[in-house]
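Read through the structures below before going on.
Shared between the two complexes below is chain A, which has chain B as its partner in the first and chain C in the second.
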Partner chain A sequence: MLTEWQLSVLVLLYISPICNEDENLSIAAAMLTRTSRLVSGARRLDPGRLLHAGSQAPQSLAAPLDNQAPDDSPRAVSRTSEKDPVKTFSEACLMVRKPALELLHYLKNTNFAHPAVRYVLYGEKGTGKTLSLCHVIHFCAKQDWLILHVPDAHLWVKSCRSLLPSTYNKQRLDQPAEASIWLKNFKTTNERFLSQIKVQEKYVWNKRESTEKGSPLGEVVEQGIMRVKNATDAVGVVLRELKGQSSLGGFRLLVAVDGVNALWGKTTLKREDKSLVAPEELALVHNLRKMVKNDWHGGTIVLTLSQTGSLFKPRKAYLPQELLGKEGFDALDPFIPILVSNYSPKEFESCIQYYLENSWLQHEKAHTEEGKKELLFLSNANPGQLERLCAHL
Partner chain B sequence: MAAPCVFWGAAVSHRLFLGGRISLALRQGVWKAAAAELQVGTGILRLRHTTGVTAKKNVAALRRETYTVDFIKKQIEEFNIGKRHLANMMGEDPETFTQEDIDRAIAYLFPSGLFEKQARPIMKHPEQIFPKQRAIQWGEDGRPFHFLFYTGKQSYYSLMHEAYGKLLDVEKRQNQLQAKGLFSEKTKTKDLIGSRWLIKEELEEMLVEKLSDQDYAQFIRLLERLLTVECSAEEEEFVQRFRRSVTVQSRKQLIEPLQYDGQGMAFSTSEGKRKSAKAEAVVYEHGSGRIKVNGIDYLLYFPVTQDREQLMFPFHFLDRLGKHDVTCTVSGGGRSSQAGAIRLAMAKALCSFVTEEEVEWMRQAGLLTADPRVRERKKPGQEGARRKFTWKKR
Partner chain C sequence: MAAPAVKAARGWPVLALGVRNRLLRFPGLTQVRGSRYGPEYKDPQVDKEYYRKPLAELTEEEKYEWELRKTQHIKAAPASKTSSVFEDPVISKFTNMIMKGGNKVLARSLMAQTLEAVKRKQFEKYHAASAEERASIERNPYTIFHQALKNCEPVIGLVPILRGGHFYQVPVPLADRRRRFLAMKWMITECREKKHRRVLMPEKLSHELLEAFHNQGPVIKKKHDMHKMAEANRALAHYRWW
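The block that comes next holds the complex of A and B.
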């Protein structure tokens, strides 16, 4: 399972070249799992270096991507040239697939005066929901939207070390660690906007610190990062502000949440008296739920369901009804479901070609037709399974 | 036979030898001796220890179990009588009661759950049970009967002598023919197909004599040399005595008939078992390689790669990876045995779409054989089937 950090790093990969205002708008899209392995293996926790690697590999395919009509587009692999053959997969590569293209088409044709449309990506385990989400995020980042990305909502409802009673509302619980991590990511993702957006109310953090009305959002974020105790409240403030201000039209907001079924499921967190915590009692979850409601306009909400990190759900469940539960389904009710399925034969072929070109498959039989057929059978064209199989070859 | 039992039950039960060799002669001898002693003892109030006698007899028996000719003859008579009794019991005609009938009758009367076939009750002719023994090789004056007795392996050397004699005869005849000019080449190889030479154990059994590997090899070489030259009918017959036939295909695989469903697509069904899992597979002739297990896609049903590799094996072996669609149902067992059961069922079903040769290849690859391994039972006094309790010295 991808950690929040890794996903956020990849978002950085997308965003940084754009922020640097390169002439060649690089499509540094990431094949998350590969880079995650590389990241953990080759170059340890060093976002700076990764940025460097990302910008090192430009190739402008921006124009074709925008002009592609989704209906008859081939399953093209938009890839970056490998300037660094020594480091494996220093490039970041995504496969352009139908669900993502569909989503992008809808996004291009959205009317921002209407309330935000919700899209839910669902599908079997390992079919590529998270990567499609990342593709969409990248697209929006290129288009200069403000990205509100929660890499994995499941992390907020399980194995949290520190739970504090909320300073704002006595009944709720704070999660300082997760909140501060998220704020850091948010800061690096949307540097540009932090100075642009102005806070519309005065917020008092404690006796000594407060944020005046009209100060930039960056201050709130800084406050949250520095004073970890107030991090959750800072997150809540950020969300509220963004929601309010996106309707004004200064910028477009994309809310991207991965594993949204965590918001309505059960948690594994317990209070000191060993009583279970319901998700509503977590301030982060509460605020995010408000964000995901479509009572604002000026942006879109793209969500992904995930069984992998979910708690107490059967392995074979993948439909929205099963994973969200009744409560979640009602809360999200008018949404557009988008099914992400296994690879089609062409997609499978192109995936194998990519591996072969990058010399990822070392087995002598991998080049042959029989080898490909074997891989196809064993993985049943499931991207996750295929990736795991090829890792051994 | 310590106490004489008259009724036929004993006679029959007597003939049941639980495999192995039971020195009945020994027992009889011992008991007779003991009975004699006791009778004498009770008569003259003299108790004599019979342990000394028994001990001596035991040592002698361990060295070589000798069955006298009379003893064997008596056993054969008793066997025949027992056979007739058994036929009467089963309500069949004693005259036409064959060995297979005997086996069936014994299996019916004494059902045994033992896995080892040789440990079950058997009733066979004494010649098959008692090992062949050699009669005394010398006469009353101490002079041996056979002229090669002092070689130590008289039957083997006499056989070699005979074979070589035949070879010399054949060569002499060929020379004569050549001299006359009527020599003609003829090679025959058809005799060799479908038959094999006797193995060393079989030859030893035939000659009732121990052989060494070199002796055996020498003998076979001589026979092969005899075969290369052209020989007459009697020499052929002589050589054929030492060949056993071998079936080309040990078992004919049952091929399921093809069935046709509504759309005209051919399909074939078959079952498979492994441990305690039972599976039934329906393989369609034209498809794209999708497999559904109990209505669920095989990728979801078998998340482990090993199980999917098992399913892949039959298709990969026949190079038909993406060509068939399969629907199967499976129940019982664990994930590995379910995978094995489905594999067997699919392989059997594929037989009907495939040539005979490929069926034979599959059989040799082990795709069509049900795995006989089952869970071994736990034994008392041990923790598991093989694991013993921790051994404590004191």
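The block that comes next holds the complex of A and C.
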């Protein structure tokens, strides 16, 4: 299945025709450095199935990725990975499945005067939680919502090279690298809103730089990208501003976090004195936890649990109680759980048909009934497993 | 069948019904390589289609064979042999040759990643090509694999023969299995040794397979070198007596 980075790329690829910039594509491509999987089998719905009036058919995206200029900053690598679906199929498709349709139905009927509702996508490994989130993000982007997307919260709690003591609050720790990557992501996703939304307070970054009250949010984001030391604080400012202003009704806010169980788990980060860091001591995690609380209105929160990147969780754990732990469950309670399960027989058939149409299944025996039965048996209709099997067939 | 290889050991060899017991003549030796089965043991039939045929449709010989197999001794099927439709003996042999230290899981995953890499590279070329060139681009990794190995097989080989105290490299026609083995061995050795340490095996292997498919690359060059050496030593051909 798609990894979270691929998800964020897909999001950006979908949004870039709306924003219409080549730069978007190159930075979107930057997010694909850590991808490792082809996009899962995507299929237009069979003609017999009813489509909701508002939900879109999977967009066939022939985004030209050949003309990318290499990015200047040393961090962002603007190469698409070899497993990019746009390279292999010259399109990126999603399968429209029941969990995503359910979520879209709820989203269409949200009352923005009520506090933000939390939806949690959960399910076993490889069933399609991340791609359902991707679908929802695409829908909201088409409807011109402001998307606050964290492609993988697990990346914030492990393997961080540089941990600085926070400038804002002495007890917390900054993560400049992750924060600046997220800010670049945010900038390309929500280009239009950056000039519309005005900051409501004055923020002083250091002796020489400060952002006045009433200046556009884009300045805060620029400040964070340019001064990497202030990136985490810039993220905090952005989150606080958006939370405060979404209630005013100028825009609708979608908070989408993949792997939200990372916010309440354990980290593998250590300080210089080799003492373990708790998640709440990381400024990014602290601010994101505040964002995921339902004390604001004017938008929704869609979350995904993920065991794959999680730390110290058993492999078979997939239920919210198991992955979030007591602390996380209490923090997220009440939420609407949405189960994402393996393919139904129709979905499986549809996926195989998509692969056959694109000639992805090249083995001559894969076209036969015997081959399909064997694939069903070997993958148990699990989308991730099926994708891995079909990759080398 | 090859003669069983023997090795000096301390314990007595364990004898079972049907196992060849010629080793009684050589106490202190156990059988190491080669089959432990006697000649009366038949190979197992893993093909599902064979068993799905209804009894009424079988011819006389096939009915006789069915009845015979009920009474014959049958060897145990090895763990690597499956009745899967996707099984390929050449791929299995190649995977075994890649395997190091019995780590079949790793070898199989490397093989799968190689096939995937070959497929993706070909798909990229396909989408970049114009409509006329598309028909000529082969995207099936299995055909590419088989064709590449066939292109790497040498026709004639060199064998060291002792004459008058010196070893001479004599050109000799190779058996089919020796040629297949040499092609696979050269491919794997080339990929293991001539790559940068940061380059992963699937990437290198897929590159070499694609080059061999187009009759280019270092493995094909090695085959041509072997042919040239054989041509150069043509005068020694009469040293061969078989």
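FYI, the second predicted complex is superposed on the first by the 319 of 393 C-alpha atoms of A that agree within 3 Å, B and C clash if a C-alpha of one lies under 4 Å from a C-alpha of the other, contacts with A are read in each partner's own complex, and residues count from 1 in each chain.
Quick note on the criterion: a contact is a pair of C-beta atoms (placed from the backbone, for glycine too) under 8 Å apart; a residue touches a chain by one contact, two chains touch by 3 or more.
Fair warning: this is a prediction, and the values are worked out from it, not measured in the lab.
*Asks:* A:Asn382 in the overlay: touching chain B, chain C, both, or neither? Say first, second, both or neither.
*Replies:* Touch status of A:Asn382: first partner only.
*Asks:* For A:Glu124, decide between first (touching chain B), second (touching chain C), both and neither.
*Replies:* In the superposed model, A:Glu124 contacts chain B only, not chain C.
*Asks:* If you stack the two complexes on chain A, which partner ends up touching A:His363: first (chain B), second (chain C), both, or neither?
*Replies:* second
*Asks:* Could you tell me if A:Arg271 is touching chain B, chain C, both of them or neither one (first, second, both, neither)?
*Replies:* neither
*Asks:* A:Lys316 contacts which: chain B (first), chain C (second), both, neither?
*Replies:* A:Lys316: touches chain B, not chain C.
*Asks:* Does chain A have more residues touched by chain B or by chain C?
*Replies:* Looking at chain A, the partner in contact with more of its residues is C.
*Asks:* Go through the superposed model and pick first if A:Glu374 touches only chain B, second if only chain C, both, or neither.
*Replies:* The answer is both, since A:Glu374 touches chain B and chain C.
*Asks:* Which holds for A:Ala391: it touches chain B only (first), chain C only (second), both, or neither?
*Replies:* After superposition on chain A, A:Ala391 lies in contact with chain C alone.
*Asks:* Name the residues of chain A shared by its contacts with chain B and its contacts with chain C.
*Replies:* The answer is residues 370, 374 of chain A.
*Asks:* Using the touch definition up top, name the residues of chain A that touch chain C in the complex.
*Replies:* 82-83, 87-90, 359-360, 362-366, 368, 370-371, 374, 391-393
*Asks:* Sort out for me which residues of chain B touch chain A in the complex.
*Replies:* So the residues of chain B touching chain A come out as 289, 296-300, 303, 305, 308-309, 312, 315-316, 319, 321-322.
*Asks:* Spell out the part of chain C that touches chain A in their complex, as residue ranges.
*Replies:* 84-86, 111-113, 115-117, 119-120, 123-124, 127, 139-142
*Asks:* For chain A, which residues are in contact with chain B within the complex?
*Replies:* Touching chain B from chain A are residues 124, 315-316, 370, 373-374, 376-380, 382, 385, 388-389.
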